[in-house]
Amino acid sequence: MSNRLEEFRAYRTRMNDRIGQIDHLGIKRFFNLDGAAYKDGALDAKTKEMLGLVASAVLRCNDCIDYHLIQCVDAGWTDEELYDGLNVALIVGGSIVIPHLRHAVETIDTLRAEQKSIP
Amino acid sequence: MSNRLEEFRAYRTRMNDRIGQIDHLGIKRFFNLDGAAYKDGALDAKTKEMLGLVASAVLRCNDCIDYHLIQCVDAGWTDEELYDGLNVALIVGGSIVIPHLRHAVETIDTLRAEQKSIP
Amino acid sequence: MSNRLEEFRAYRTRMNDRIGQIDHLGIKRFFNLDGAAYKDGALDAKTKEMLGLVASAVLRCNDCIDYHLIQCVDAGWTDEELYDGLNVALIVGGSIVIPHLRHAVETIDTLRAEQKSIP
Amino acid sequence: MSNRLEEFRAYRTRMNDRIGQIDHLGIKRFFNLDGAAYKDGALDAKTKEMLGLVASAVLRCNDCIDYHLIQCVDAGWTDEELYDGLNVALIVGGSIVIPHLRHAVETIDTLRAEQKSIP
Amino acid sequence: MSNRLEEFRAYRTRMNDRIGQIDHLGIKRFFNLDGAAYKDGALDAKTKEMLGLVASAVLRCNDCIDYHLIQCVDAGWTDEELYDGLNVALIVGGSIVIPHLRHAVETIDTLRAEQKSIP
Amino acid sequence: MSNRLEEFRAYRTRMNDRIGQIDHLGIKRFFNLDGAAYKDGALDAKTKEMLGLVASAVLRCNDCIDYHLIQCVDAGWTDEELYDGLNVALIVGGSIVIPHLRHAVETIDTLRAEQKSIP
């Protein structure tokens, strides 16, 4: 289980580096803009990560869900808060979101296990 | 402009009443569950309305955007906070969200004008 | 209300005729294939129209919903059966389907009113 | 091939159990409502499973397709009827559905092989 | 018919101006990036507008279709080429694209009528 | 990495053959129509493959992206042109397209490696 998340992180880093090498100005600027969208602003970074999570869940993108869950756990959201946000995604997006809810809950469990294993 | 929002509210009320008359147990329970999803829980109602707004924006549903904007303004979100949430939706969902951003900004302006006209 | 459906039918006929004039072989063949998909086969035409309705509802296309509702009413589906099919669409697709459920119920009411007004 | 379906069933059961443990009232009620949507009503359960299959196919969710195919085969739909339903999904949803059609046909073949291997 | 397009252009200009006033850095940078994506690069601007049109059609956004059709006609694409691009969108996206094909063909006809009426 | 693409090609061939065996007239005709949509017409085949790629990217289908990338490389598009097309998809579809951009860039690299290894 932990493997799945580690593979995602490694693949994401490797391919983002490769995309950086490509050196397409538009793509680079989009990546910068994407990063900036989740910084503290009128809304704080923590709230924005929850928004990113729910947007990813209703659009049904597992990689995006994993990325925002990593950020959400880092930002200090509790499990109960994450479940409550995912419930909004489930209601808005319907049962087609359920496979992604399963994925998200597994990722949350993995992230908590990782937290515990760090001495 | 205000007309568009008034028409939406009138149509929404009329057809939700009609759907109530239909008396389909599954549909009625879904509507109840939908209402319950935005009540205070692990996350507060105010945060959940912002989640509903961003989910509606990335899924590109103007009626849903209007509904959640009405709730968001009621819950006390400022314009700057709403724009910041919509910016997350724009980055996640891309330029295909722009027509809905135009719609959302118009709705926010209309809601603020309504607030001012109430003595 | 009836106007909305009459306008849809008139616009659909006018523009389908115009698309026919364009005389693009691929587009014409797709339209033929689309028509053929709802004819009696291993599944009967009536069942297929219900499938078309639910597919249109989860994909959130009001024009497609109206078209398949016209066909479904023609094929003999009752209101209760249509509501039950739309409930499946609501559960699969979530609250984002609700505006289209309102639209669909209004269309069903209009179609039934048209049936009554025919002597 | 059979492995893929067995893994899906095991993963689905394990994670649904885990989601039950989470004990979020909204999520639990949604799961109940989802189950109820496919019971006999104005439409019979068999027809509703076919609706669920076509909705899953146009929304392009392989896990949902597999789940509804399992139910459809259980409910007694023949291969020819399943193909005819999937053809409606293909026409409505376009070539982007083709990878899911390949997946669905493989799942049907696996389910039939399982049926034959049960003495 | 011409009215629809004129209204779209007026609304788009008015609301884009309003969005400019809002002065959200992220939104402004996204709008700039969006504009830049269609400039001559490794692909020429004309080809990119056709890409924007097909992307808009499969994502089923009428405002986006109208915007890119205006640009495509400006860039010199012929009707036959536009129809051929829309045919790709129809095949990829399926019959759910048909209402948007009707809209697109009407827009093309309006744009050509506008071209003829300019002395 | 090359394995992923080889597996895709083998699976695609095997299941398309199986779908051919099924012998459903509608499905067969759709596959023919799909093939025909990318032949030289008012637009040339090379341009149409780029349209298919961008449509696949905004609809977020990795198998479709891989298929059209194979065709695009065959048709002679350069890496820089492919990146520029993918940039349009990224702007239109937003950050939810990023995981598919990573996939696409990996596929392009694999296809170029395959080209080099052919003596």
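A, B, C, D, E and F label the chains in the order they appear, each numbered from 1.
The rule is simple: a contact is a pair of C-beta atoms (placed from the backbone, for glycine too) under 8 Å apart; a residue touches a chain by one contact, two chains touch by 3 or more.
All values reported here derive from a predicted model rather than from experimental measurement.
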Where the contacts of chain A and chain B overlap, which chains show up? C, D, E, F
Give the chains in contact with both chain C and chain F, ordered by label. A, B, D, E
Sort the other chains by how far their Cα centres are from that of chain E and give me the top one. D
Looking at CA centres, what chain is most distant from chain C? A
Cα-centroid distance, chain A relative to chain E, in whole angstrom: 32
Please tell me the distance, in whole Å, between the geometric centres of chain D and chain E computed from their C-alpha atoms. 38
Whole-angstrom distance, CA centroid of chain C to CA centroid of chain D, is 24
Give me the residues of chain A that touch two or more other chains. 26, 30, 33-34, 37, 41, 55-56, 58-59, 64, 80, 83-84, 87, 90-93, 95-96
Can you list the chain F residues touching chain B in their complex? 58, 90-97
Once bound in the complex, which stretches of chain D touch chain A? 11-12, 15-16, 18-19, 22, 24, 26-27, 30-31, 34, 55-56, 59, 61, 63-64
Can you check the complex and tell me which residues of chain F touch chain C? 25-26, 29-30, 33, 36-37, 41
Touching residues of chain C toward chain B in the complex: what are they? 60, 79-80, 83-84, 86-87, 90-91, 95-96, 98-99, 101-102, 105-106, 109
Where on chain D is chain C touching in the complex? 33-34, 37-38, 41-43, 47-48, 50-52, 54-56, 58-59, 64, 78, 80-81, 83-85, 87-89, 91-93
